[in-house]
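In the two complexes below, chain A is the common chain; its partner is chain B in one and chain C in the other.
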Partner chain A sequence: MSAYLAIGKIRFLAGMQYRAAAAAGVLTQLFFGLIFLMVYVAFYDQGGAGQPISLREVAAYIWLQQIFLSFIMLWLRDPEIFSLITSGNIAYELCRPCRLYAFWFAKLLATRISGAVLRCFPILLAVFFLPAPYALPLPASPAAFALFAAALLIGLCLVVSISMLIYISVFWTMSPVGSSLMVSVAGEFLAGMIVPVPLMPGWMQTVAYLLPFRWTTDFPFRVYAGNIPIGEAAWGIGVQLAWFAALVLFGQWLLNRALRRVVVQGG
Partner chain B sequence: MIALEGISKSYRVAKRAAGFREAAKALFFREHTVVDALRNVSFDIREGDIAGYIGPNGAGKSTTIKIMCGILVPEAGSCSVLGYTPWKQRMDYVRRIGVVFGQRSQLWWDVPVIDSFEMLRHIYKIPPADYQRTLALLTETLDLGDIVRTPVRQLSLGQRMRCEIAASLLHEPRILFLDEPTIGLDAASKIAVRDFIKTINREKGVTVILTTHDMSDIEALANRILLIGKGTLLYDGDLPDLRSRYGNDPMDGLILRLYREHQI
Partner chain C sequence: MRLYVRYLSLLFRSQMQYPSSFWLLCFGQFFIPFTVFAGFYFLFERFGEVRGWTFYEAALCFGVVHLAFSIAECFARGFDAFSSLVAAGDFDRLLVRPRSVALQVLGSKFEFTRFGRLLQGFAVLGIAIGNLQVEWNAVKAATLAFMVIGGALVFAGIFILAATMCFWTVQALEVANIFTDGGREMAQYPLHLYERWVLVFFTFVIPFGAVSYWPLLSVLGKTDGNGLLYMVMPLASVLFLLPCLAAWSFGVRHYRSTGS
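On to the complex of A and B.
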């Protein structure tokens, strides 16, 4: 088993221990999903006709967002990596025959997956049986579902590659507060986590489409709902992969630069 | 086996005096001073040596260790360990060395020690048979017994340090760097650590480089002494040579005389 798989596995098992956190998460996410949906139900009642996304599609968008929250939220941070950098314990990480980027990537990926595994099934079960406008609709088609699954997983890798940039920035700033706050507030809005991207004003949609964030959230969920047709979705996955490659290359370059001028803090 | 040639390294340090005015000034003009951590340091260490690397706080000991481990990149000079340039061929190189930083921990805080060992087994891709054999040997010689099944946060410092040293040797490195391995340990733990270092040096031929402030460590272990002060190498020789020059005083007094002589 490779080192990257091993760290992933340990992280995954460690994450599975937090049953109480998962139970609390399930309740919170059901609660927020319902509140958000109530707002949209009211909105569509009061002249929501002719919107670029239907209420049914919004319901899918909101519930998937809640179910896969730990796949998509940018503010999920790993305090261990931050403290490695600021305390100088990174010295040990650098004495290991591992590529640091891949090592941290595997760690972050596993944390997110373990967070989702415990939470997604109870929520999934609950939201399928909710009454009409509130229920999670079935995917638009089997093909849409397959494309959604692929897009969601690539989106997850995209989220991790974006958050890697936050971790790497700490080599310069020595504090994670600034960069993670900026990226998570702006990024989550532009990903469509506050308001679905099709409901944004035109100019803002243009901004959102130019940035990588919407490919993590908005894109996979609209593929599921059928708001993005199959042909376009297949293209979209190509765009996702291109973004992913670009972000990983940039992150690795940045990390190498950081390590070349690294100052291991404290004696 | 280890050859350093003209290694120099400096850090930029931000400085300001105390007080509000100075703090406000530092918002706009930050004064940096360049601190030379190492100036033109050269030495060789032979295979099978136990080299004691000593000097006052801030002399550059840890910096040298970090350069030899491939963590820091020096500004000038060359360094060759086992034929590798540490910071250039980091991945291939670090597979072959073991490192203990006495003031840091490589063990996973919340889980039993054995889980950290398992993790290291995967990181270094140690074959299961080799791993079992090395682990059994380490458990016996370091008297780890049951403590490997205890979460790290519940270990005493002495127990933890023994586990840290074991963790650095699982992949059977040919060189072991120890940065203050006896810091904060009681007499019994210190002696256990020293005996162990001697054993692996004698039986497995592991070359050891250790930094310490405890001169009895040096007396008990080192066949080679490197003294560094203010970033410059001041003395390089063996213990009998040091003795013949400075007499048979207790080690601490002897080192203090050396410090005074070089005005550090």
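On to the complex of A and C.
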């Protein structure tokens, strides 16, 4: 276990070195958040009443997305792992006395956390003090906030376990770009990154609810905003855990199969 | 010009070495803006219209901006990926060759997979035009063509400006994304939706408004101004591109190599 913690810590510290990049990212995310919100403000001006999610809740949804962007982006990739597989250096990884799945999992998790830690506080500070329709509202209740924190962490693990599947698929395809692009585009759409899930038409929502993607981000953010009541949220966390267990088991099985027939490229 | 064509054919052949990845990427490039368009459509389906703009009117705006962006991305991709040239010290090699530096940077990258995105822009534009009740005439058609070209020039100008910053910062700055990706996301809706300062900034400082929003008002008959005046408005993009190119050549003169 301590080996996995150590690799996580190294990754985290390496990520913390890029402070200028993080400052630039903060500005970018503030801009994107504002632009998205202005569009929703304009839409809600017309037919705001009777929508399944209120403008206030949308504001929370959009800002949380921007703040925790590195938790949820599926296209955030670690080029190192891809080049390990395609260049044949995977042989070194296999010599290490630890389980490959857990090793990579810890690595990816730490990269995402360090990305968010640097960025979230300045954005948080800025968005709480924005004028009325644009500000990030406070959580619906203390209980909602606690559930949100738990759901967000499990969601993060879910994202990593989904992206692990993308890495493992490279054992077969050998070129990461095509397959990972398709999965991340579809996944981010179904996670409500482009339009919040409650604003999608009914049939699209049904699709989104059947797949694991919406449990990564859409669910925790709506718990924060109070769009999902407490009781339902507690159930939701159970569903999240079930998905997580299933994805990890599937990923490990797939990785074992891949390693059994792995051809080390290069000499 | 012949040199540029040579560059293109070289890059095309090298990208075709991985055909399955190439086609998947092409398809993915078609797919990314498609999900954005789907989101765009879902919002209009739910809310009807927005501040007096119907779905098809706004879709025209969307199509023009995405088409312009993909054209700029296809051709000016070399500037977009410029930081890797500087960081690796490869830029020195371009400087010693007896050809124009800007041309070599342009030819250093060309993403053929972006054609997927191009196709999508055309499709949206086609849908919008097919469903709008607009009396088309020569002036309006010319306005639309100018809008696409002007938009591509504005995006290209931003790519060049971002590349120029690399002379000093070495690393690419994510801030530039505000104006490339952010500009695209923003300008795909009519600028009328946003707060007033956004409209002013993106008309006079970075002329997205001049290539999409204002001429569109005339094409859709939302204003009684002189059509010809609106037709030439996208030419403001040239006024934007020139200082960008000037900044670029200033940067080239102050370039200090990072290579070893």
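Basically, the second predicted complex is superposed on the first by the 266 of 267 C-alpha atoms of A that agree within 3 Å, B and C clash if a C-alpha of one lies under 4 Å from a C-alpha of the other, contacts with A are read in each partner's own complex, and residues count from 1 in each chain.
Note that in this section contacts are C-beta pairs under 8 Å (C-beta built on N, C-alpha and C of every residue); 3 or more make two chains touch, one makes a residue touch a chain.
Note that the coordinates shown come from a computational prediction; the quantities given were computed from them, not determined experimentally.
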Superposed partners chain B and chain C on chain A - clash or fit: fit
Could you say whether A:S54 touches chain B, chain C, both of them, or neither, answering first, second, both or neither? neither
Partner chain in contact with A:M204 - chain B first, chain C second, else both or neither: second
So, A:S83: does it touch chain B (first), chain C (second), both, or neither? neither
Between chain B and chain C, pick out the one touching the greater number of residues of chain A. C
Once the structures are superposed on A, label A:T28 by its partner contacts, choosing first (chain B), second (chain C), both or neither. second
Superposition result for chain B with chain C: lowest C-alpha separation, Å, rounded to 9
On chain A, the residue positions that both chain B and chain C contact, one per complex: none
Chain A contacts chain C in the complex at 20-21, 24-25, 27-28, 31-32, 35-36, 38-39, 42-47, 51, 173, 175, 177-179, 181-182, 185-186, 188-189, 194-195, 199-201, 204
Which chain A residues qualify as touching chain B in the complex? 1-3, 5-7, 10, 14, 87-89, 91-92, 94-99, 260, 262-264, 266-267
The residues of chain C that touch chain A in their complex are 18, 20-21, 23-25, 27-28, 31-32, 35-36, 38-39, 42-43, 45-51, 171, 173-175, 177-178, 182, 185-186, 189, 193-195, 198
Okay, in this complex, where on chain B does chain A touch? 11, 57-58, 62, 66, 69-73, 90-92, 94-95, 97, 99, 101, 103-106, 111, 115, 118-119, 122-125
